[in-house]
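One chain, chain A, links the two complexes that follow: it is found with chain B in the first and with chain C in the second.
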Partner chain A sequence: MANIAAQRIKREFKEVIKSEEIAKCAIKVELVNDSLTELKGEIAGPPDTPYEGGNFVLEIKVPETYPFNPPKVRFITKIWHPNISSVTGAICLDILKDQWQAAAMTLRTVLLSLQALLSAAEPDDPQDAVVAKQYKEHPEMFRQTATHWTFVYAGGPAKMPDLDDKIRRLTDMGIEEHNARVALSSYNWDLERATEHCLFS
Partner chain B sequence: MGFDVNRFQGDVDEELVCPICSGVLEDPVQDIAIHPTGNNLYTLVYCYEIVAAYEDLQVSNVLQAPVCEHAFCRSCINEWINRQPTCPLDRTPITSAQLRAVPRILRNLLARLCINCDNIVYGCNAIVKLDSLTSHLEQCEYNPKRPMLCEQGCSLIIPKNELKDHNCVRELRNLIQSQQQKLADMKRELGEQQLQINEHKREIHLLKDFMRALRVSNPAMRAIADQMERDEVVRWSATLPRARVTRWGGMISTPDELLQTMIKRTLSEYNCPPHVIDELMENCHERKWPPGLNSLETRQNSRRQYDNYVCKRVPGKQAVLVLHCDNTHMPEDMMVEPGLVMIFAHGIE
Partner chain C sequence: MSSENDSEMDCSDSDCGDPGYEDYYNIQPWGGEVDNDVDPEQNRRDPEYAVCDCLRVEEVERLLNESVEVLSNSLHITPSLAKVLLHAHNWALQDIVTKYRSNASSLLINSKIKPTLEQVPGSKSQKGGLCSVCVTISPADRFSTLTCGHSFCKDCWCMHFEVQITQGISTSISCMAQDCDVLAPEDFVLSLLAKPNMRERYQQFAFCDYVKSHPQLRFCPGPNCQIVLRSKEQRAKRVMCSSCKTIFCFRCGMDYHAPTDCNTIKKWLTKCADDSETANYISAHTKDCPKCHICIEKNGGCNHMQCYNCKHDFCWMCLGDWKAHGSEYYECSRYKENPNIAHESVHAQAREALKKYLHYYERWENHSKSLKLEEQTLEGIKMRINNKVMNASGTWIDWQHLFEAASLLARCRYTLQYTYPYAYYMESSPRKELFEYQQAQLEAEIENLSWKIERAETTDRGDLENQMDIAEKRRVTLLKDFLEV
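Up next is the complex of A and B:
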């Protein structure tokens, strides 16, 4: 790893550890290996959103050319959000792409920006088109789905018995639970269409 | 890339830290010696914005309009600008041509910081001011690559860590070999140059013959050539400084060969037109001087007219040039074409 990248990451790591946010348990960062090329991030779901109460784990890969190029970040925890792929966890956020600024951004600001992204989705610049469509056309449905995903994958507090029932109906048919959840989420919890999708496509 | 903050004594102010590499600002502009890490002192540069409204004004004014004034290590900001021509802190458009050295106050603050030596891992515990780090590293006893003088007799200067395996005979033999190689290359080059010079000489000779023939066969050409030669002398005369003779009595009317050769060489060095140099040198002896000067007796008679001469200095010599073109006001028995050379024992200013 280049000297400059190592020097930066060390400092940014300390910055996160010393930050106010870590005191409030809002963000967290851990080393994965000694070489500082890979880190594990964690952000708390912001209040008054479907993600509240959940903890979302992130994979942070630091490129050799850091800080001249942005870190590569994706969600390890599955999440239902217009700008985050429900399949791969890939994130669509400008500062992690062409709007990256070597001198102004750090691990801490990246984590805080991702937290802000959870509060304010950008459905017009989606990473996951299915989620974005639901977000725009059926906002209430979106909220429930996102809350449900937070409960299941991120340790969120709100259990959604109705949705669990529908998933059980599919798993009873021998469909894997996660696939059932994805199908139902994608078809606005229309049991018939989700079943059709799971069985015949 | 800047210096690791941990190498400094006490806390380093955030203002002195490069926001790109997060090290203490460093600049290779004043790159005097590169020390073992390849680091150099003080690479600070500012980014300035050219404001659109200023574009019609002089460029110098525009560059004086600093907008964001953020400081970075030179290598860091150049690396960033290569990727994206904006300030990496606030996205102000910038180019590398707009980067300026930071003000003295910031440089002074940096110079005052105390840093540990690069060779701390080799046991050097020195702590020096940042501005004297380079000079310390040159002399640091712990520097594994410190230049050392071989004391076994060859007097070569070698890095300390190579001293152990150093063999005088082998090193000197290598040196001789490389010198011989160089010598052979130069000899070959010299031979080629000589060949070219001879070729040029032959061509010039041919050209001269041709011109002479042209001049003889065509009177108009002769007039033009004469005019050109005269003009050349006038131009040359203008480049020489005026001389003042304080003692006309110091004149040497019969200079010997040695003296003449010396003066001729000086004239040639100072770009005397080649077509007049021989004639001028002929006129440095009283036997070629005009009637008013050619004997002690006539010279005594015309003595009071001497000060009317316009004399030019023969640079660095006790001699003056009295050119015909500068002295058309003199009577005929005091002047000859193309001019006189008067050599003195002393008395020229």
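Up next is the complex of A and C:
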């Protein structure tokens, strides 16, 4: 790893460890290997959002050209959010692309920006078109779906029995649970259309 | 706008035809030689003509540097900052000078040379210390400061520039500091870049950006061609690169598209690409004869078909009787909209919209195919003539008119092809009726010409030349009445 990159990551790692956010358990970062090229991040779902109470794990890859190029970050924890792919966890956020600034941004600001993204989605610049459509057209349905995903994948507190029932209807037909959840979420929990999708496509 | 009769009348024999019939749409009729003697009178009357120079890279650099020098002298700024200003203002030199005289500071802020007032960094002249990018302490002489006052170590600037250049970015490289969008001017970048290949790439990318921001310049779109075309008119005119012979629209750089305008052709091509699945079935090369139902393959460009079985003459596009097509007013090119469509169901409206699109698409696509097929016909004619000449049956000169005819046919059909997107986006109106009338006239004469060329050796030369004349007149009339550039 390039000298500048290693130098910066070490310093930024310390910055996160010492930050007040870590004291409040809002963000966290861990080393994955000794070479500092990969880290594991964690953010707490912000209050008053469907993600509240959930814990979201992030994969952070540090490029050779860091900090002149942004780190490559994606969600490991499955999440239902317009700017995050429900399939790959890829993130659409300007500071992780062309708005990255070498002198200004750090691991800490990246994690805090992602936390802010969970509070304020930008459905007009979507990563996941299906989620973005639901967010705009059926906001209540979106809130329930995101809360449900937080419960299932991120250890969130709110169980949604109605939604669980629908998933069970599909799993009883032999459909894998996650696939059933994705299909129902994508079809606004319309059991008939989700069934059709799972069985015939 | 003149009526079609007037414009036909003022279009006398002498000034309508192009004397050389030189390659119009990349058809090279006669050993590739091009008649460059331009007749000024003809050019004034030709609605497609534009004054245009083909420049080599050094010539373009000289041209750009002239502007840079004038601006740098009149505002007393470095040539490098003058370039930033010119690039930001599309090389409108006089405009920049005026703006500078009225409010220099706002011009420099808008052009991203100076930071906006809120983000002026406290005048911290670097006396060495910690570089906030690499978090390393260095002495003062290892630091460089951009016009915004932000200072970083030289190695970090260099790395930053290299990463940006690797991504193809040059004139838009900005400062590394938080929320600072001040641009790094050329001399600043070059003073910090060490690797020669990086400097070279930077200069190449910057040159591209300058040409692209200059309204009078356009890169030749020809493959691997380095030529830059310059036209002071900046309009959607037909221009040809003198080096690779590519012909394109000066304004948008795409294939020349008169009478359709740049935005419309872009919309049309996007639509065609999006709907390619739907329109795919059209590409069939065979249709059944409408009379005896035998399968007929189309292997020439002419849309006037004659069934080899029953000798019925029909139109390939609409399968109608050809006799009706030759007459004064023919309806093949025109799309008849359902007048009550507004009251129909959404489903019926969608079907109608698709039908309308397919009508125009089919004709657009068909003429494009005809152009290619007629190129093959021309090759065939060349071979046959070659044989004749070898057998001492006339000389090449005796047959030259055939190549001129084929070249003229290509130009007419090309224009005809591009009338279909134009008509597709036209609202129903008397003007549209006039357009479709002229389009139909042009189409009929083109098919007559194509028919005669395919039977060239048996066609009377005078008859053929007469037909060429009529077709070109129809084409020029349509362009004069409808080409808005």
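The rule is short, and it goes like this: the second predicted complex is superposed on the first by the 201 of 201 C-alpha atoms of A that agree within 3 Å, B and C clash if a C-alpha of one lies under 4 Å from a C-alpha of the other, contacts with A are read in each partner's own complex, and residues count from 1 in each chain.
The rule is simple: contacts are C-beta pairs under 8 Å (C-beta built on N, C-alpha and C of every residue); 3 or more make two chains touch, one makes a residue touch a chain.
The shown structure was predicted, so the numbers you read here are calculated from the model rather than taken from an experiment.
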- [ ] Using the superposition on chain A, decide if chain B and chain C clash or fit.
- [x] clash
Open item on the list: Quick check for you: in the superposed arrangement, does A:Ala158 touch first (chain B), second (chain C), both or neither?
Closed with: neither
- [ ] May I ask you to decide whether A:Ala116 touches chain B, chain C, both, or neither, giving the answer as first, second, both or neither?
- [x] neither
Open item on the list: Quick one: is A:Val87 in contact with chain B, with chain C, with both, or with neither? Answer first, second, both or neither.
Closed with: neither
TODO: With the two complexes superposed on chain A, say which partner A:Ala102 touches: chain B (first), chain C (second), both, or neither.
DONE: both
Open item on the list: With both complexes superposed on chain A, which partner does A:Arg11 reach: first (chain B), second (chain C), both or neither?
Closed with: both
- [ ] Go through the superposed model and pick first if A:Pro67 touches only chain B, second if only chain C, both, or neither.
- [x] both
- [ ] Return the residues of chain A at which the contacts from chain B and from chain C coincide.
- [x] 4, 7-8, 11, 67-69, 101-104
Open item on the list: Under the stated contact criterion, what part of chain B meets chain A in this complex?
Closed with: 1, 4-5, 18-23, 70, 72, 76, 79-80, 83, 86-91
Task: Of chain C, residues touching chain A in the complex - done: 132-136, 150, 152, 155-156, 159-160, 162-163, 176-180
Open item on the list: Which stretch or stretches of chain A touch chain B in the complex?
Closed with: 3-4, 7-8, 11-12, 67-69, 101-104
Task: Touching residues (chain side chain A, partner chain C) in the complex - done: 4, 7-8, 11, 65, 67-69, 101-105
